[in-house]
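What follows is one structure encoded as structure tokens, with my remarks underneath.
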Amino acid sequence: MSHPRVRDHRLSHRVRYHECDAQGRVHHAHYLHYFENGRVELMRANARSYKDFEASGLMLVIKKMEVDYLVPAEFDDLLEIWTCVEKSKGARIIHRYEIQRAESLIVRGISEIGCIDRNGAVKRLPDFLQWSDL
Amino acid sequence: MSHPRVRDHRLSHRVRYHECDAQGRVHHAHYLHYFENGRVELMRANARSYKDFEASGLMLVIKKMEVDYLVPAEFDDLLEIWTCVEKSKGARIIHRYEIQRAESLIVRGISEIGCIDRNGAVKRLPDFLQWSDL
Amino acid sequence: MSHPRVRDHRLSHRVRYHECDAQGRVHHAHYLHYFENGRVELMRANARSYKDFEASGLMLVIKKMEVDYLVPAEFDDLLEIWTCVEKSKGARIIHRYEIQRAESLIVRGISEIGCIDRNGAVKRLPDFLQWSDL
Amino acid sequence: MSHPRVRDHRLSHRVRYHECDAQGRVHHAHYLHYFENGRVELMRANARSYKDFEASGLMLVIKKMEVDYLVPAEFDDLLEIWTCVEKSKGARIIHRYEIQRAESLIVRGISEIGCIDRNGAVKRLPDFLQWSDL
């Protein structure tokens, strides 16, 4: 690409009613959806579509996920989801995530993702996803 | 099949924490998952697997859904999901559903399902799903 | 309110990866979440917050839901969710919904909602939700 | 309790259609629901109900979650969810989880949970959840 790639991305998300559990807080599993949305939009910010990526026969699959839940988020909160490529080489990407509500850090995460084809064979990431300099 | 087919099925379900919303009740969208589980288990009660059905190249897709929400269900309630074939002919199945907690009728539903192939073309239901006499 | 109330609202939604099922299409239960988001944003368009509404001790609960699934939506589709008050009187609101992707009508729905307090007793809707002239 | 407490529990789970994503595999966020079901059933195996626990004014909230995704699970797979108290003292419980399909280890997890009241204040776990000897 002629324009510079971006390693990180900020996405706004308004917490939805069905994302909250009986404690009136965002259910802890939903943050994994927020991270996923962050990765999809980071790819779009680099002028690539994850839909096209899967149509090409490749898939990104989660290998490892770590989440620290610091402060609860509630229905209707306006969150900012920050997604960042920490490392990307070979068939593997490490992302970091931070989710904030105004000045409060709500959740922090880190994931490892692998690239495979439809048969489950490990595949080298396409060049546009490699960051050899990280 | 040599053994008689069954038109209806009863499935037990314990309400899970993540299925409840901030009102402390089962979120209304989850009843559609309960109905879906009911259809899958009704097929299994007839010695067929919906997984194999999709592997054969066919899919069942929801065309229409009507739900009456009568009494709220809560976390940890033990529900009974009753699923019944009302009509099944050509490429179309009508199911009826009732979900009860002990003597209380919680939810009542009716759905229309179509049979298609992977390209979206309408397909005749296989014989084991046809009930010409209903 | 001094400014005129709005009866309907249009909301954009990009389909998320986790909203799609093994058929690669939006799972049919997720449209109920889309309708719910539509109702929340319609209330906000009238300068009211559903969060405050529940904080006041009232809740809106789904009594009836009908959905027609016309065309499947897929991952990353950009949808427009149209939500409209059809009738609103006493303790009951009828909404209509249409979800479109460009010119295609994807899903059409209608719901009946009741107003209750925390003990489950039926309550008259507050004036800002009444439309006596519909 | 007069009968001995159990530290771990095995729960069977049949993968449901709506738990699978467009890759035809269990979406990675659903394993957090499986872990949650495991914790609820482990408490029930000790003759306690998490519903009663919340009714008493306490809540268990996730502080930290780590998951290793080893092998994908698919629709209709029969999984076994093993949940184990690793440590439990003061206001904090560490659980370990393993999810298997026959001989295959699918997912491994570890979580840290805190005990709070409805105002968010940290509270000592009740005795029946304390394992001072671990």
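Order as written gives the chain letters A, B, C and D; numbering starts at 1 within each chain.
By definition in this document, a contact is a pair of C-beta atoms (placed from the backbone, for glycine too) under 8 Å apart; a residue touches a chain by one contact, two chains touch by 3 or more.
The structure displayed is predicted, hence computed values, not measured ones.
J.: Based on the averaged CA atom positions, which chain is farthest from chain D?
T.: Result for max centroid distance from chain D is chain C.
J.: Could you tell me which pair, B-D or B-C, is linked by more C-beta pairs in contact?
T.: Between B-C and B-D, the larger count of C-beta pairs in contact belongs to B-C.
J.: If you average the CA atoms of chain B and of chain C, how many Å lie between those two points?
T.: 24
J.: Roughly how many whole angstrom separate the Cα centroids of chain B and chain D?
T.: Each chain reduced to its C-alpha mean, chain B and chain D end up 28 Å apart.
J.: For chain C, what residues touch not just one other chain but two or more?
T.: 17-18, 22-23, 29, 33, 36, 75
J.: If we count contacts the way the header does, which residues on chain C are in touch with chain B in the complex?
T.: On the chain C side, the touching residues are 22-23, 25, 28-30, 32-33, 36, 54, 59, 61-69, 72, 120.
J.: Write out the stretch or stretches of chain C touching chain A in their complex.
T.: Residues in contact with chain A: 16-18, 33, 36-37, 40, 49-51, 74-76.
J.: Considering the complex alone, what residue numbers of chain A touch chain B?
T.: 17-18, 20-24, 27, 29, 75
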